[in-house]
Amino acid sequence: MSTTTTRPRVGIVGGSRSDLPLLEKARALLDELGIANELRVMSAHRTPALVDDWTTSAAERGIEVIIAGAGMAAALPGVIAARTLLPVVGLPIPSQNLGGLDALLSMVQMPRGVPVATVAIGGAENAAILAAEILALGDPDVRARLTAHREAMTRAVTEDPSSRG
Amino acid sequence: MSTTTTRPRVGIVGGSRSDLPLLEKARALLDELGIANELRVMSAHRTPALVDDWTTSAAERGIEVIIAGAGMAAALPGVIAARTLLPVVGLPIPSQNLGGLDALLSMVQMPRGVPVATVAIGGAENAAILAAEILALGDPDVRARLTAHREAMTRAVTEDPSSRG
Amino acid sequence: MSTTTTRPRVGIVGGSRSDLPLLEKARALLDELGIANELRVMSAHRTPALVDDWTTSAAERGIEVIIAGAGMAAALPGVIAARTLLPVVGLPIPSQNLGGLDALLSMVQMPRGVPVATVAIGGAENAAILAAEILALGDPDVRARLTAHREAMTRAVTEDPSSRG
Amino acid sequence: MSTTTTRPRVGIVGGSRSDLPLLEKARALLDELGIANELRVMSAHRTPALVDDWTTSAAERGIEVIIAGAGMAAALPGVIAARTLLPVVGLPIPSQNLGGLDALLSMVQMPRGVPVATVAIGGAENAAILAAEILALGDPDVRARLTAHREAMTRAVTEDPSSRG
Amino acid sequence: MSTTTTRPRVGIVGGSRSDLPLLEKARALLDELGIANELRVMSAHRTPALVDDWTTSAAERGIEVIIAGAGMAAALPGVIAARTLLPVVGLPIPSQNLGGLDALLSMVQMPRGVPVATVAIGGAENAAILAAEILALGDPDVRARLTAHREAMTRAVTEDPSSRG
Amino acid sequence: MSTTTTRPRVGIVGGSRSDLPLLEKARALLDELGIANELRVMSAHRTPALVDDWTTSAAERGIEVIIAGAGMAAALPGVIAARTLLPVVGLPIPSQNLGGLDALLSMVQMPRGVPVATVAIGGAENAAILAAEILALGDPDVRARLTAHREAMTRAVTEDPSSRG
Amino acid sequence: MSTTTTRPRVGIVGGSRSDLPLLEKARALLDELGIANELRVMSAHRTPALVDDWTTSAAERGIEVIIAGAGMAAALPGVIAARTLLPVVGLPIPSQNLGGLDALLSMVQMPRGVPVATVAIGGAENAAILAAEILALGDPDVRARLTAHREAMTRAVTEDPSSRG
Amino acid sequence: MSTTTTRPRVGIVGGSRSDLPLLEKARALLDELGIANELRVMSAHRTPALVDDWTTSAAERGIEVIIAGAGMAAALPGVIAARTLLPVVGLPIPSQNLGGLDALLSMVQMPRGVPVATVAIGGAENAAILAAEILALGDPDVRARLTAHREAMTRAVTEDPSSRG
């Protein structure tokens, strides 16, 4: 599915190049669900001005949901959430030493007023599905594709040939 | 604001009576933002049938976002998310012994396919704001009230008389 | 030992295909102890209806003890325990990032009223032995085989040639 | 219900006097379910001989399930499980400094061959219910009382007057 | 000591009003060491523009070291460090549920390129002393006062009347 | 028992005045076991010279075992162990925020070559008993008192009137 | 150095065969320090009677210090300490899932009355050195070898060719 | 850049040879920023006298900032900080079992009066940048190089070819 001729509805951002493999998984699932998206690498700590510019213009560029992945002291989702009222999905990226617990706490423990919708450590597909669930509220096509996706997932478990009496 | 004459758009559910004080905080903020809601106590472990019935009928009753609070082995948000494609916001309730770390992990570490949008331990207001952000995508009135709410919050910090040179 | 011509007394269920290697270890030990069993993959989050059906019919199909393995936000044992009064043994499956601590807490920290008998992270054999201990209360054959199994285990440690003065 | 004229079927043991308030909760629920029991304070570390004697004679005295509560380096359930093939339910007692995480890990992380059926930190009632579920497999009276207990619990949640639209 | 007629050399900022008691401890020690300072409440998440303005003008206003205290998903020190090359001292504020472990990890686990000099959870005095040690490199007066402060501290321990044979 | 006319055999040191209540418990038990001791407050971080002097002269002054209590970044036991070949018992003091886990890890995780014999968080009596066990190897009087102490402890548990059938 | 013609003074025991590589490191260092020792595999959970027999006869067979290594729910050192007044050194063995934190807490968090002198996770050499320090109190030969060992260690660090200006 | 003909301004010390790879990363960045430095291996626990000598002479030899890396019970930075008023940057070195959490807590949780400016687990470059930020306060050349370094880092993220619409 081409994602270049349509205005992106989901913005996926990651704090560093090393986050790309996980972010690509989120992107692939959004593509599969027919949701136009864009993927950017920017860092709350290393390119704060870029984060500021990208975020404050996101809504007017048509972005409806933002997925922000980051590791360690994972400030990116919160910093973005501080600059927009769009829903921000936080994706904690596992790190070598603490298994992503640092990223999870840095992301989920947001102070009153500025939530980040945090998913599992490394849960890139779930970040995409959550974004799709949000869009599906106003978009029957997305809802239909999401329904089909879940049914396929259910069938995959049910028909598992490894179950046996 | 009366929330009884309008169809509720956000369903707030909690796993036990002891979760009510936190859930009421979420409700109060939704009320303030003019978002009709309903509040129910039901338990994934103690009243599974009730959870099943309530969840599977939620969308057709007009519910658009679900906030589910639970403590300890906090299965409620995930069990609900397994039965609906509505966005489910998970609110970990702090427990006496492990400070809510058990509830947080039980909620955020969802397997691939079924996300729960988890907010901070005890972050009831943020659960409400996240729900409002989602609704605001398709509702300019909610967006306007949310914008006003954030501006008031910003002013409250900025005008803080405790800052001084 | 054939386990197909007898009605299974222990049901082993796991949340995903990736849990199978551990579940097979539990199954192998039950087989060794002569306890008929069945193994199913089903997910509290991805196939909730299947879990519901399987669980509510378990007792009448002759199942006496259920072993439920799951990882991450490991809701499966609790969700099963909510739907049956059979003893449910919870087997936390280690995950890549948090070493299974998430699964352990999601499983053991059950609310009042619905216990899960949790064993060690990755402790598949112990899940089987615990199930056998429960069955042995009413089945002298199982008790005899369990006694023999423990004696063999004790001998294996005692006769360890690596001990030396 | 008198528990003195009947042979106890469940033995409840705790590592120290300070564990008694929690153990009494387990006892009260067993009494309510009509299950004869006995309660003893003994310590794996301070009275090992007593633990040894009590445990090795438990089965012949009619004990069918053992509930062992302990805090900190909670060796008691494992030490008992090492000396009997009766199912041993481990009840981690919360401590002041680590919230019971030490007791939980000391109890649940048993090596291969000797399981302890661990319940939640401080989960005394669940220890009793788990013991009852095990006994219910061979005792229709216990099963009936357990069923009634769960139904009452379900009703208590369902009829909660705090739920409202 | 008056801190208003001198240009402040240390800027103390905290994420919320509730952080003030700890920040005041840092301020009091800076005052005692004769280091002009200013104290501001601003939030990386609730007043990002204020943080941006204050930080980017800090160096030209004469600020040499910044002390930033924050709790939970404590992004403030990192967000400031991203906008200045002044040394930023991070002070994790303990929270109710996780004892400040969330703030510590959110602050210390900064990505490559943007360090935060993190001190102990709640270690407000140490934040001030660290700032003073940095200023003392170029300011003999501060060094003299710091030396006197440490000697007094040493004497306080040495002369402790509670030591006895 | 007078501990002033005899050369102390156990040196008890604590990092700060606030550690004294726990250290006094260790001292009281040593007194009860008839083991001459001395108690000093000194800090690896605030009075390093004092620690150095006290430690390097400890053996020649007749000290045979050192008990060192400290909280947070509890360097004291390790720093002492680095300067003597006497056995050093480490007593982690619980802190407000992390429950003593910081002190435990700072003390027990010593690098190869310099052990600290660490006891439980807040386990002052056990520090004293461990010191006594070490001295008892060469002192039949201490061994006799230690034996009596353990027997009394055993009796206290055994005769507990709260055990009942 | 032959350790078979002398009565062992240090008993090294481990909970399972897989602990042997670490225990051998402790043994090698004791051999190097000229301290006769014996190494046994026995399990608090799988061979409790063997543990009981070995421990209660240890003192009369000439054992003066016991090193007990164990992993997971590491009850072995505590169970041994409950049956002897000899000093017991606990060596936590790292496990695959929780990095040895379970073994550490199971070992160090002993209740009042029965200490275990715990060393670092995997700290086999330190267990041996601690045993040697205890024996050195009454044995000038051991003290001399221990002094030489520490001096060699110091030289190894000091003469490190990797240090450079 | 030659670092031998200039007096070193930053002293880098590590607790053991195995810390050298990380310390070399800090050194390389200091070299790149034109900051003369020296690198030494010394241990708070194994060569305390060397640490004492090196630290107490550091200031007069021209050292202005000290970077101290250590793992496990990482006492080195604190022990150095106790003997100097120079700013001490603590670099926690990840260990095999606990991922560096032990080193982090042993380093950051310093008692009142003696701060250690702790950076991320394994954050060697950040230790160097923090040292450079401190020196830059009084050295326009360092400030200019630091500014250039940050701009290059920003460009590297911004121009990342992996970002795409």
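Each chain gets a letter, A, B, C, D, E, F, G and H, in the order it is written, and its residues are counted from 1.
Just so it is clear, a residue touches a chain if its C-beta (ideal position, glycine included) is under 8 Å from a C-beta of that chain, and two chains touch if they have at least 3 such contacts.
This is a predicted model, so every value here is computed, not measured.
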Winner on C-beta contact pairs when B-C is weighed against G-H: B-C
Chain B-chain F separation of Cα centroids, rounded to whole Å: 50
For chain B paired with chain E, centre-to-centre distance based on mean C-alpha positions, whole Å: 35
Whole-Å separation of chain centres (CA-atom averages), chain A against chain D: 44
Residue list for chain E, restricted to those that touch at least two other chains: 16, 43, 46, 72-73, 98-99, 101, 108-111, 113-114, 116, 120-121, 153
Touch relationships between chains, expressed as pairs: A-B, A-C, A-E, A-H, B-C, B-D, B-E, C-D, C-G, D-F, D-G, E-F, E-H, F-G, F-H, G-H
Touch list for chain E against partner chain A, complex: 15-16, 43-46, 48, 52, 71-75, 78-79, 81-83, 95, 98, 101-102, 105-111, 113-114, 116
Chain B residues touching chain E - in the complex, by the definition given at the top: 94, 99-101, 120-122, 153-154, 157-158, 160, 162-165
Residue ranges of chain B touching chain D (in the complex, touch as defined): 3-4, 8, 16-17, 20, 38-43, 46-47, 50, 72-73, 96-99
Partner chain F, residues of chain G touching it in the complex: 64-65, 85-87, 89, 104, 108-121, 123, 125-127, 129-130, 133-138, 143, 146-147, 150, 153
